[in-house]
Amino acid sequence: MPKLSYLKALNRALGDELDRDPDVFLLGEDIRAAASNLTAGLFTRFGPDRVLDTPLSEQAFTNFATGAALAGLRPVIEFQIPSLLFLVFEQIANQAHKFSLMTGGQCKVPVTYVVPGSGSRTGWAGQHSDHPYSLFAHVGVKTVVPATPADAYGLLLSAIRDDDPVVVFAPSGALGVRDDVDFATLRPVPLGLGRIARAGSDVTVVALGHLVQDALAVADELAGEASVEVFDPRTVYPLDVDGLAASVARTRRLVVIDDSNRTSGFGAEVLAVAAERFDLDAPPRRVTRPDGAVLPFALALDRAVQPGRDDLLEAIRGVLTEGGRQ
Amino acid sequence: MSTVDLYRTVRLIRRFEERAIEFVRSGEIVGGIHPYVGQEAVAAGVCAALRPDDLITSTHRGHGHVLAKGVNPARMFAELMGRESGLNKGRGGSMHAADLSLGILGANAIVGAAGAIATGAAWAQRRRGRSTVAVSFFGDGAVNEGMLLEAFNLASLWRVPVLFVCENNGYATTMPVHSAVAGSITGRAKAFGIPAFSIDGQDPEKVLAATTAAVDRARAGKGPTFLECRTYRFDAHHTFEHRARLNYRSTEELSTGRSRDPVEIQGARLAAEDRTAVDAEVEALLDAAAGIALGSAHPDPAAALEYLYATPMPGLRR
Amino acid sequence: MPKLSYLKALNRALGDELDRDPDVFLLGEDIRAAASNLTAGLFTRFGPDRVLDTPLSEQAFTNFATGAALAGLRPVIEFQIPSLLFLVFEQIANQAHKFSLMTGGQCKVPVTYVVPGSGSRTGWAGQHSDHPYSLFAHVGVKTVVPATPADAYGLLLSAIRDDDPVVVFAPSGALGVRDDVDFATLRPVPLGLGRIARAGSDVTVVALGHLVQDALAVADELAGEASVEVFDPRTVYPLDVDGLAASVARTRRLVVIDDSNRTSGFGAEVLAVAAERFDLDAPPRRVTRPDGAVLPFALALDRAVQPGRDDLLEAIRGVLTEGGRQ
Amino acid sequence: MSTVDLYRTVRLIRRFEERAIEFVRSGEIVGGIHPYVGQEAVAAGVCAALRPDDLITSTHRGHGHVLAKGVNPARMFAELMGRESGLNKGRGGSMHAADLSLGILGANAIVGAAGAIATGAAWAQRRRGRSTVAVSFFGDGAVNEGMLLEAFNLASLWRVPVLFVCENNGYATTMPVHSAVAGSITGRAKAFGIPAFSIDGQDPEKVLAATTAAVDRARAGKGPTFLECRTYRFDAHHTFEHRARLNYRSTEELSTGRSRDPVEIQGARLAAEDRTAVDAEVEALLDAAAGIALGSAHPDPAAALEYLYATPMPGLRR
């Protein structure tokens, strides 16, 4: 079977949608030259009306996309770096997201925002290494963090076809992942549906994006010791609570690994849902970035701030051995 | 558009606003409004130059824009009163009035935000083969918002058929324009290669003429135009100011400002009996409209989250 | 004893700090005329160099404040509406917050951001009714939501004196609260220290800002039925985990009422902390805005979307009667 | 500043960058850099006009700015290598280099962000009775960022002693300036009432002369000046481009662009033996600097969160 990389899968999804639906168009910085490689080949294939290079005017081009969507098109914006989403937070959370309700359902805003290279990019330091998916989930914008090439393809397709704004985070740590894929099997993956990345019976590890690989590796490492289930929700918001419930009902133990900050992050939500619904055999744990994290430049410090395999291993062992509270 | 039609529009807006202010006082409208009184010539003149399928974006001070673009006053009153029969089914209120069927992409409560929305919509319409133009209304305060200036750049670069209409009423809330705008208002647009004109915004005919020229230019594929309409806000920034004294305009300034009244300027162009007839017609229309609105149902609180998503979300949790 | 209103307490705190420390200055829109009343009298008292009216240029004046702070001053910015914080999210989360770590501790950015009138303002609709405190807590910016006039005074003082950026949310629903206050007792309230607003033994209700009043009212209503403790953390971030722990250790039951959206909000964090640390006698509950909430204009709809007393009452009764999971 | 001093600065920056690129290739510098090669005259000329207590803000392409402002090359190499002895103790890296003791308020990785930071700092210094000025460096791409344009307005309104120095190297990454900037670059500043000049950014002496005039004006209380320095980036946007071919500049363009080399332009003003002596001096300095940096300790991962808050937070949780 041919190998498909995660980044190439995203590229393929864009190409397929541009091909299928004339209302889809792309805009962003350096997307003609495809500086990030996300849009490689698409300018040549689809021309300047479908692949629009923008000046460095993120706020305006984000609202421009909202306007184009109100007029019936389906824009896809590439953001070169995750912190650009901070710069357009108002335009997404307060404009694109709110039009449907505020107009009493008169319109829809089907814009997709893609960040190829979210989270730490190794050596890009404080202002380029954020992973702000929990923020968008909190405000209620549909938020996707695919883990595999097939999911990257299928979730991006669904995001583009969805009638609401959707943010797609493609973690730096996942872009290079390559899988054997039969291209004929590639299809849309519905938003809001998780998957069991690895079946197990002793503990559920919830992981997203590039951290799914880490969770799988740790599960392998623990194979003799414990049977670890890895649940990949794929969509941060809406969260597949039923899928999570089904897994936790079996394992009765829970650890979340989450590349956002601890306070009120994705991990907090998973633990809150668990607290509301499940009677666990041990207190659940979160492995996250620390509160208020700013990624320092020096490599060892950058790594120390990110949730890692060792932390996960320790947390899993913790919930397995512990019956009572911490 | 005829003299009498323009008069009808300014008169309609004026009387709509005066009644709306009354409804704020009586509590029928909750949250207050930003009255458009004094600026009617801008909305009337600009929208008179547009086709029904042309697009507009409006502002926090937007009742005049949407009425001039053809909104049914009953549905607008109903919206201000938060009724189900309102323009936005009571979900939007004064600052979000929208009627997509009339090309109204919504009032926007964030100053400066809508310029790029109008630009994107106009660009999309052209890409879809339509010959429509879009107009984005905003105040003098908005020209200090970077996101609006970014939109000027996109519109000019891509020759988008969009008009930027700045209503310079001298103040952003209490901030005088000269303390807030370094350089000139039209200079801001010219810097992006956009032709920009400063016109008398109290005379509907002058606004109509300038807009018509700009619309023709846009439809001919020549790109955006910027119009600074010099106007004056006769009433408060927002009705809360009726209770709080903010003291930023002198009595003399107020009376000079109010002396050039667009309703009088256009009204003087009509024969007295024609004017009386229009006034009566407007009053009857608004009586009926207010009556319909007051009689309309309130939305069901159980439907508070309806329309939150266009693609339904089954698992939405409280 | 004289009455002090919450808004007047904030105003007094600003006046006192301007008086005490020549490095403090205020900037924002319409603050000379004091359109929101927060800055009433201060322009006359302190003049144009200390009370700076800005054009509508939120991004620039927020970074301007950061620059002034780097040069040794202590700016306080008033934001007229909560969604303006979305517009300057990059400037706060990615600039002001990050300077200290990124420069290796060479500098500090003591800026205070005050929003007088956060949350629903009754009839201001979708784009003016947000309450985004959880977002700032998530990114790690110190975040304060005072409930009483004395706390409004004391927390604003501490925010201004703190060497890091601090956001102070003054909920619309709290601005009018008036208390008997002996002015001589007004003093700084440390960031990160909660308080027991009402002692009780059966259940802990965690509430912030204007919702503290609601929690107290519901506690009164339930007086014959149950003994409700109301814990007001006052600071969202850093959260007074020890204070919370002490309360929950006594009551062993927990409800949070939170005016932010459900997913990954403040309520999620409180439940997550509880799940990690405490063995509760019943599953905890959250009373929040719904996911993705956009406040509709019509009054009854606006109210329906906000967490209210009835919801809280029901949630408290739920945790009191229930032993097992939902 | 003398001819030879200006030459020393451009040569130092050039050779620092060339060595830094080597360290990227060899893996000593992780994450890559945005090389300043070709633009040295701007940093050298501008900073030569400043006093030690004047302030600057820099950019993602900022090594030249901080070296010209007096940063110790050893500490800068160490920062790029993420060492504890680095300018920012290894916490900032290439895009955040700061030295507050030299008035360097930091490079900023967000295009357009630092203009208002420099403006605020300059305003604060004046309020504190200092006669310092601030310089904000940025590229041609930044003039499309609304937040920078907002900063122009504040600086002009409040006559802030700040200089806006735009390094127009023809591209924002792959985007040619003419496809991105409607109107002209200097026109953007002039629109806010700021005097703006377009100068030859390859000649350090010309940059120095223009900056000196602007600094004098600012110190005299006359407010901001804008300088567009026309320059050319000889190397990649970022070292990642050494591996990825982006194909946006023709071979002819590259060779024309590179033909006006600031190091050669300034070097030609020196006697051959003086130039050789400076070159040797620079090489010795950089040998020593690189040696010190390579020998410096790496920070302790346990201290990854040090400096996160200025007021310590005892309960910080992981």
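Per-chain residue numbering starts at 1, and chain names A, B, C and D are given in the order in which the chains are listed.
We adopt the following convention: contacts are C-beta pairs under 8 Å (C-beta built on N, C-alpha and C of every residue); 3 or more make two chains touch, one makes a residue touch a chain.
Everything numeric in this text was worked out from a predicted model, so none of it was measured.
Each step here moves to a touching chain, and the least such steps from chain B to chain D number 1. Ranking all chains by how far their C-alpha centres lie from the centre of chain A, first place goes to B. Centroid to centroid, with C-alpha atoms defining each point, chain A and chain C lie 30 Å apart.
Here the CA centre of chain A is 35 Å from the CA centre of chain D. Work out the mean CA point of chain C and of chain D, and you get 40 Å between them.
Counting only residues that touch two or more partner chains, chain C has 55, 57, 59-60, 83, 87, 90, 94, 101-102, 125-127, 140, 238, 263, 291-294, 296-297. Shown for chain D are the residues that touch two or more other chains, namely 88, 90-92, 96, 108, 110, 144-147, 150, 153, 157, 179-181, 305, 308-309, 313, 316-317. In terms of inter-chain touching, the protein chains here all touch one another pairwise. Chain B meets chain D in the complex at residues 144-150, 152-153, 156-157, 179-183, 187-188, 190-194.
Interface of chain C with chain A (complex): residues 83, 86-87, 89-90, 93-94, 97-98, 101-102, 125-127, 130, 132, 134-135, 137-141, 237-239, 260-261, 263-269, 271-272, 274-280, 283-286, 291-294, 296-297, 324-326. Here chain D touches chain C in the complex through residues 55, 86-92, 96, 98-101, 105-106, 108, 110, 113-125, 127-128, 134, 146-147, 150-151, 153-154, 157, 305-311, 313, 315-317, going by the rule given at the top. Chain C contributes residues 25, 49, 54-55, 57, 59-73, 75, 90-91, 94-95, 99-110, 140, 162-164, 192, 238, 241-242 to its touches with chain D in the complex. Interface residues of chain C facing chain B in the complex, by the touch rule stated above, are 29-30, 32-35, 37, 53, 55-60, 83, 87, 121-128, 262-263, 288, 290-294, 296-305.
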